[in-house]
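Two complexes follow with subunit A in common, the first pairing it with subunit B and the second with subunit C.
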Partner chain A sequence: MDHLRLLFVDDEEELVSAVVERLELRGIDGVGATSGDEALHLLREGSFDVVILDVKMPGIGGLEVLRTISRRYPEIKVILMTGHGSAKDNEIGRRLGAVAYLEKPVDLEDLLMTVERAVNGEAGGPDGQ
Partner chain B sequence: MTEIMQGSAETRDLMPTADLPEPEAPGREVPESAYRRLRRMVVLATAIVSLLPLVITAVINYVQFHEALQAEAVDPMARLTLNTKRSLELFLSERRSGLTFLVYDRPFAELCDRAALTRVISNLNRSLEVGAFVDLGVIGDDGSQICYSGPFELEGRNYRDQDWFHEVARRGAYTSDIFLGFRNSPHFAIAIKHDRPDGGFYILRATIDAEMLSEQILTAGLQPTDDVFLINRQGIFQSPSRDYGEILGQVPLPVPHYSPSVDIVELEDDTGHTIFMSSAYIHNSPFILVQIKPAREAMGRWFSLRSELLAFLFVSACLILAVILWGSGQLIRRMREADERRAALYHQVEYSNKLASIGRLAAGVAHEINNPLAIINEKAGLLLDLVTVGPETDHQERLVATVDSILRSVQRCKKVTHRLLGFARHMDIQTETIDLENLLREVLGFLEKEAEYRNVSVSFQVEDDLPTAVSDRGRLQQVFLNILNNAFAAVSEGGHIGIELAHEDADHVAVTIADDGVGIPREHLQRIFEPFFTTKAGAGTGLGLSITYGIVKKLGGGCRVESEVGTGTRFTVVLPISREG
Partner chain C sequence: MGSDDHRLLQREGVLFFGNVIAGLSHELSNVFNIINEMAGLQQDIVGGAQPGSTDTADRLFELAGRIKAQVERGETYNRYLHKLAHSVDDTGIAFDLGETLELVSSLAARPARLARVELVMQPPEQPVTLEGDPFAFVLMIYGSIGAVLSAADSERRVEVGAAAHDQAVRITITSADSLPADVIDESAAALRIGRAAWGMVHTLDRRPDAHDSVILDLPVVAPGPHATADDEGQEDPDVT
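Then we have the complex of A and B:
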């Protein structure tokens, strides 16, 4: 997992900084973004293995970012994250190519497990609750 | 499976609220008295409309029949009385005419000869078919008997002081009352006054056997039930009566008023029997002809007809009333059922709307809380990471414990918000054909330990040929686990839980889980589907049953609950059956 590069996107800056710091403490290369715009910008600048996306964000939303990633960077695995478990979002996400769907608040250990599974090519992950 | 276990943990907390309200319970109940009032009005109105014409017709018939039958009974009686009156009058007039003929035909001197008088009696009796002349006497204007022929020695006797003498002198003719004469048999007298050429007068007086009068009456063609007799104006019998007394006795009936023809009255005699009395005054005599007919005989047909009429009326009225009572009962019952169905439907819709809006609110709140919760979660996690990774400090242990406590609280919050969202959101339902008995036995497997530990017995009752259901296996497990958990919490040690599977209707199967536990108060029954409704503050989220309700609705079924405090609770889940199966 050490060689992986993660991009964590959420509109809550406090959440992003905490997650990035915790990833760093575990020796994982994690980058944070607080909007869809910033995420797309970062994606253009560097390469990532996994993107963790909040569905609901002001401006460019998670699903739109996902659409762009699927089109431009099909090798990047995307994990969606939402504050409300809408089955519709889940379904759309999966159709657009997301590999997993998590409900907030996400436990970091769960997130890392999902990331690992996504990278190993296993579908799913704790999608429900 | 984790999901189910979470659900079970939660419902156990929820238990005090127990089971469900009845979504089908009427929302707005029409008070019992309104139905009773309505029924009274329906019965009254229908009864009046149907019974009134019947009663009116019966009364009209009654009066008409009565009049017709009375006329039928009375008319022949009047005819008979009139005929008898005429024959009696004829009888008397014949005898008067005989005497009148004599006084004009014979000179006074001849009438004063006793032998001649005896011959005259004989000739009179011969000339009239029924003569009946017993004696004949000639009385002078001074009242003394001049000549007499008959069984007594009356010659020389003076009648000047007697009433009848003055009567004849004044009116010229006279018929006496009946008296006991010769050989103590009833007789009456006829007297005729004749003026003499010298200015005086004499009276020819004959005594007639009254037996002849009685015979006249008896030959008139009476019916065996009738009684006919003569009385005088003082109410003394002038001929014997079969039922009312002997000759010359007092008549126990009122003397009829004078009428030129026949008079008929209905009255009660001295023995209390109702009778018809037909009477006629006999012209030129003190006699009144009386004919008596018992009303029972006269109106016999009427009495039987009246009984039939009344019986018919009574039976018809009873039948009509019975039909009205039955019909109105049915009507009101149907109406009430319809009202109750409508109220139940209304209640259900209202309840669904309420749950839906609470669900939307809950989802909104949960979503808003999830974001800060996520931050708290990550910050606390970071704190824990830092404490664990960094150099050892004095408070290391307390810090770790504190952060753990924060993280546990976050987990609790997360559980609540996820349940809330689960209640509100559209669930993915994956239907498959399910053998409900198997499924329930599977679910019971989770509770085996508890049942064993608390000595709770569980029984199964499955109807034959029970169809399979079409439903979501995971959701159904959640639902039944939830309900069974409630049941387990409600029963005390050694309690019993019964599971019944049966047909609900053609398209549904019903799973009933009944316990003999504490039961639910009525006021709680109405509310236990509502999210956050719990009677044990702080111990549960109050979401278990609202989720159960939401799932069952989503699966195309319904829930109902019956409960009585102290007796137990019956929770029924109705599910659609499999079409293919």
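Then we have the complex of A and C:
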């Protein structure tokens, strides 16, 4: 896990900052972004193994970012997160290439387990979602 | 207010409540998620995820402040819910214009943020007391702000202002962008409720330099009885 580079994207700045700090404390290279625009900028500037994306954000939403990632950076694994689960978002996300879909609140250990499964080529979240 | 208007108010009211409560519920979930993550961070720090750290107490103190700020944010959303719930208590009461506009602009803050529009509320310079149906008032203003937000283009800034003169109030919702002539159609239901409950008259003020406005003129005291029964005297089965 410590060789991976993660991008965590959510429009709640405090959430992003807390998650990135927790990743750092585990020796994981985590970078935060608080908008779809910022995420796309970071993706252009650097390389990432996994992107964890909030679906609903002002401006460029998670599904739109996912669409760009699938087209331009198909090697990156994408995990979607949402505040209120929507079967439709889940279905669209899967179709666009997301490897897992998690409902908030996301437990960090579950998230990291999902990341590990994603990079090992095993689809689904901690509960096989 | 006639029976058709009363039914419209009820239908639009339910849609409005659904929309606003979904938004506030989402915001409250965000607050809980952040607190949850910060609690996890505190556990990581105390649990020694960073062995040998000398600034643990400072970090915990700083995190406690951030958690407190989120609790205050959650309390604010809860206050909006409370005020909104009580706006349907009476159809003919006195209420403060500035406080009510602040409530409406707070409720509209989430749709504005999602639309990436800066929403600014300028309270009236002097306190103004209105008398009538506060819920119909909230619905009328929220719907009108929504229509102007959805027409935002490149400038993406909307300002809500209010001024009282004699026994009348003028509420101005100004976009930094041009507004299309049919912008008012977007809020047709809200404006009809405003006309029926408040005798409100609306105009669209279009200017050559953009900064177009939807203007709502209404009396300080809503005309007619503020009863919930319809004008034809039919008994409303939902009102006891």
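Here is the rule we go by: the second predicted complex is superposed on the first by the 125 of 129 C-alpha atoms of A that agree within 3 Å, B and C clash if a C-alpha of one lies under 4 Å from a C-alpha of the other, contacts with A are read in each partner's own complex, and residues count from 1 in each chain.
Just so we're on the same page, a residue touches a chain if its C-beta (ideal position, glycine included) is under 8 Å from a C-beta of that chain, and two chains touch if they have at least 3 such contacts.
Computed from a predicted model, the values in this text were never measured in an experiment.
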**Prompt:** Who does A:Gly83 touch here: subunit B (first), subunit C (second), both, or neither?
**Reply:** both
**Item:** Per-residue contact with subunit A, leading partner among subunit C and subunit B
**Value:** B
**Message:** Which partner chains sit in contact with A:Leu7 here, subunit B, subunit C, both or neither? Use first/second/both/neither.
**Reply:** neither
**Message:** According to the stated criteria, A:Ala18 is in contact with first (subunit B), second (subunit C), both, or neither; which is it?
**Reply:** both
**Prompt:** Who does A:Lys104 touch here: subunit B (first), subunit C (second), both, or neither?
**Reply:** both
**Asked** Of the partners subunit B and subunit C, which touch A:Ala39 in the superposed model: first, second, both, neither?
**Response** neither
**Request:** Considering only touches as defined above, state whether A:Pro58 meets subunit B (first), subunit C (second), both or neither.
**Result:** second
**Request:** Check whether A:Leu66 is in contact with subunit B, with subunit C, with both or with neither, and answer first, second, both or neither.
**Result:** neither
**Request:** Kindly list the residues of subunit A that each of subunit B and subunit C touches, one partner per complex.
**Result:** 12, 14-15, 18-19, 21-22, 25-26, 83-84, 104-105, 108
**Request:** Can you check the complex and tell me which residues of subunit C touch subunit A?
**Result:** 25-26, 29-30, 32-34, 36-38, 40-41, 44-45, 49-50, 66, 70, 113-116
**Asked** If you look only at subunit A, which of its residues touch subunit C in the complex?
**Response** 12, 14-15, 18-19, 21-22, 25-26, 56, 58-59, 83-84, 104-105, 108
**Message:** Give the list of subunit A residues in touch with subunit B in this complex.
**Reply:** 10, 12, 14-15, 18-19, 21-22, 25-26, 83-88, 103-108, 128-129
**Prompt:** What does subunit B use to touch subunit A in their complex?
**Reply:** 3, 6, 363, 366-368, 370-371, 373-379, 381-382, 385-386, 389, 410, 414, 418, 421-422, 425-428
